[in-house]
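Letters are used for the chains, namely A, B, C and D, taken in the order the chains are written, and counting of residues starts over at 1 for each.
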Amino acid sequence: MSNTNIHGIIGYTITPFTAKGEQLDLDTLGRSIDRLIDSGVHAIAPLGSTGEGAYLSDAEWDQVAEFSIRHIAKRVPTIVSVSDLTTAKAVRRARFAEAKGADAVMVLPASYWKLSEAEILGHYQAIGDSIGVPIMLYNNPATSGTDMSVELILRIFNAVENVTMVKESTGDIQRMHKLQLLGEGQVPFYNGCNPLALEAFAAGAKGWCTAAANLIPQLNLDLYHAVLDNNLDLARALFYRQLPVLDFILKGGLPTTIKAGLNMTGLQVGDPRLPVFPLGEAGRNQLQAMLNAVR
Amino acid sequence: MSNTNIHGIIGYTITPFTAKGEQLDLDTLGRSIDRLIDSGVHAIAPLGSTGEGAYLSDAEWDQVAEFSIRHIAKRVPTIVSVSDLTTAKAVRRARFAEAKGADAVMVLPASYWKLSEAEILGHYQAIGDSIGVPIMLYNNPATSGTDMSVELILRIFNAVENVTMVKESTGDIQRMHKLQLLGEGQVPFYNGCNPLALEAFAAGAKGWCTAAANLIPQLNLDLYHAVLDNNLDLARALFYRQLPVLDFILKGGLPTTIKAGLNMTGLQVGDPRLPVFPLGEAGRNQLQAMLNAVR
Amino acid sequence: MSNTNIHGIIGYTITPFTAKGEQLDLDTLGRSIDRLIDSGVHAIAPLGSTGEGAYLSDAEWDQVAEFSIRHIAKRVPTIVSVSDLTTAKAVRRARFAEAKGADAVMVLPASYWKLSEAEILGHYQAIGDSIGVPIMLYNNPATSGTDMSVELILRIFNAVENVTMVKESTGDIQRMHKLQLLGEGQVPFYNGCNPLALEAFAAGAKGWCTAAANLIPQLNLDLYHAVLDNNLDLARALFYRQLPVLDFILKGGLPTTIKAGLNMTGLQVGDPRLPVFPLGEAGRNQLQAMLNAVR
Amino acid sequence: MSNTNIHGIIGYTITPFTAKGEQLDLDTLGRSIDRLIDSGVHAIAPLGSTGEGAYLSDAEWDQVAEFSIRHIAKRVPTIVSVSDLTTAKAVRRARFAEAKGADAVMVLPASYWKLSEAEILGHYQAIGDSIGVPIMLYNNPATSGTDMSVELILRIFNAVENVTMVKESTGDIQRMHKLQLLGEGQVPFYNGCNPLALEAFAAGAKGWCTAAANLIPQLNLDLYHAVLDNNLDLARALFYRQLPVLDFILKGGLPTTIKAGLNMTGLQVGDPRLPVFPLGEAGRNQLQAMLNAVR
């Protein structure tokens, strides 16, 4: 299966709400997508962690998925996160995304109960069997509660034909080394841990999945290009320049900080849904100062 | 606020499904509830982890909550788990449960994003403000991803009037010691970690929230009574007798093992929903042997 | 091999120094030993963590071992901690302790490099082959860096004839449950985690190895006797009464806090050796208040 | 204070023993040092973890320190690891090393008891006050049991004049980022985690402290030079080529694997001291195959 050559800077979208997080604000979502594409990102990933996918009703999820795909309109590839707690619901979402035109789907093995390796494999197999587009397997124990070993990831990669990409977000660079060595250089891996951007590219990552592209897209893109140009000194300098922002959005939570940052720039995307709080005043001042420093 | 004197053995219900996990089987749910009550449990908790609450659609959740409360019919107190990812949805569930007659609700601060202490407090405050029945605060980082310190638990206990009970499931007995010391003996705490049953009672727990009561209720009750009788030697002997079963259901996952055990006894409750697998043959043989040994 | 029936409260000795930690003060060591024996402890363990064994030169270690054994003079059993980084040095210490009259030795698998299970077993085998007195195997990953699983402990217990006792200090009560179940009730285990004293006895521990006996021996002994009398309510009350002191000495470090406490009572034992600091004024006031409260 | 411009590949020496680990074999130590220097390493560090410094008697330690410094004879800088459990003994070793001609000393805050930040700072201050050569502060919680935060490291760096270098071995690349950002690029840091070699250089490490230079010095040096040449693609290729060896020596333990590797090449350095075992046959075959593959 072709993996549609997804690479470079993969921007995550937020999900804008009206006051008190009550309604979706799709107009603003459209504008935030246009910004990402205009800034030059290589692909877009709606409904990820940043997009508060877990906090939407099923009906809302469908609306956001359909709208995002239609609005992106193949200007860049779209990778829709379709994770859900039961296999049945994840399959439904994956089929829906494919039907609406997604280029790929992303799957985190979210679960309430700790899953065995056979259960995780079964989950990916069931989703893979239901769709014809590529799957980006996503490992992020901090949010899913499930940590897939490199050995398990490779087992799934080999067993499920349309699992063709791996997104690694543990923050442990040794996982990428192991993917590269055990996968004999044949497993495309993507970095999902922002403060690891430099090292992930050094280790051979094909792309960087990041919500930072909503705020500092040029720095994200410049880092990628410095790596493509084999210019380590420049890549290092660009990385340290943006690292304070990367650290800040990781620690503050992506929906909280990215929404605050977009609100500062005049795109009113509202607040995250409760129990998640919007960024407080001290945090907003800190973020504004950081953004001023790198512009 | 009265906390309705909840104590002793608090039995968790499973949620029976028809073939392939597709439909709810409320008839069988009713029979499993009757069994628990006939065995002598002191209270019943529907829709907890054991009840696969996280794997139900909103409509299914409402059906199970309403049916359970009506079927229990005040024979013993009912504590409904109303946890949900957003505050708005948790409030809705809490109100629904109260309206249908729940004696108390249980709230785990489930979230996708790591919550700050202020966010967790806000979540409990919002739920507390919305209902008039007591809330059992539930700490279980292994499933919720959020670990509440004893200091935070006491802050919530003191700030939210109808948070009147604490269920501790970290498995760390020092948490209970600290609740007892810092709470000056005024905070009723309940044990949610099965293999800690003896020590939790030794430390002063008022009750034991357990799915084991579906399989070995008499042993659970006998342990509680030995503690009430101040008979440590008997309590220890009873604890070690049931410990292999307690360890087994914890490691194997509660819906998986409890459903398998009920199926063995002639109550056909079906399998857990995928991605969770039913218990394999080796596991069933092991469980059967353990249950034979203690009967 | 007889294990000399070691049980109950096993008191740890400190090692008193003259000013600035320079010289041993054996006279004061003798007085601290007499105090422990007069208070009623069932056994004494010199040169453990509390005794700063790791901070002594080899010559000092020999002096303290020989003096302690001679001074105890069989009034109660003596268990000398003989742990050392190399097997050769641990064997030398074990032989020395036996030659001077120790009733048993205690061995922690201290190492700089992480040891394999075969290396740990080899270490115990070599020591066991070199002496004729019983060995108390000691598991304390927080200080040794090596965590022995219950399975490994039982393998050593079965393979090395004179390993006849197990001291468990992980603070995880499940380890004791597992020792009891897998060891079929035939493995005498002792508790080395002070704030777990109540639960360890509830779980069946044969003794409690504690430095607290230097400060609050009567409370330690009363707890043990309440358990022997099968009086859980009394044991619980006694435990919570002494728990603040047990928590304090654990968090503050045993040599630091026990020496401070002894200095308060008029037995001038000096300070711990640097880099370990003596207890500061705030800590001394806190400890004094706690000791006043329980006397 | 000048820090003698230590950079590049800093090779760790082993400590050769005669049969059964009984005696030092200084002749062979001399030959292993000559090999390191002839291969082109930029500095040598005797008596580190690889050198089994913790397993030597005080007399042996002195012999190895004095011999190493004299034999290196300023051909490259010598950094002697002088860590010891008490401050008094570490000061003695530091003075001894300086008196014999060491260019710098390395200090790990080894301790049996968990040290407070004030105790750690006091330890470095006392050593710093006692000598006139630079100190490389060494953070390695896996062997020392003490994890120094970046904030503490910078506090010590600023407070103790001759602490002029930091060796970071946690394996967490974010520590190096933080040292670079918070230290405003003025804190020279060195990598002590072999499988992090590529990323540490990418992040700006000034040197790589490695025992691998005993076995594959040319690959170590080539990686360093590729980084100096700003050639990321070459550095990545060289890193993945040597990574299997780096992973192997980390997992197998440095004295065990490096001694086995040297024995294979005809330099008979003996075995590590018990309880550490020499490398078994399967491991030797694996290592030999790896070394053949990269030569």
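The rule we apply is simple: contacts are C-beta pairs under 8 Å (C-beta built on N, C-alpha and C of every residue); 3 or more make two chains touch, one makes a residue touch a chain.
Chain labels with UniProt names: A, B, C, D = Dihydrodipicolinate synthetase family protein.
These numbers were taken from a predicted model, which means no experiment stands behind them.
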Query = Are the two sides of the chain A and chain D contact the same residues or different ones, given that same means over half of the numbers occur on both copies?
reply = same
Whole-Å gap separating chain B and chain D, where each centre is the average of the chain's CA atoms = 52
Note = Per the C-alpha means, the centres of chain A and chain D lie apart by a whole-Å value of 39
Ask   = Using the average of all C-alpha atoms in each chain as its centre, how far is it in Å between chain C and chain D?
value = 35
Key: Where chain D touches two or more other chains, by residue   = none
Ask   = Looking only at which chains touch which, which shape fits best: line, ring, star, complete or other?
value = ring
Ask   = In their shared complex, at which residues does chain D touch chain A?
value = 171, 173-174, 177, 180-181, 195-196, 198-199, 202-204, 227, 230-233, 235-236, 240, 243-244
Key: Complex interface listing, chain A residues touching chain B   = 21, 49, 52, 54-55, 57-58, 85-88, 109, 111-116, 118-120, 122-123, 126, 142-143, 145, 253-256, 273-277
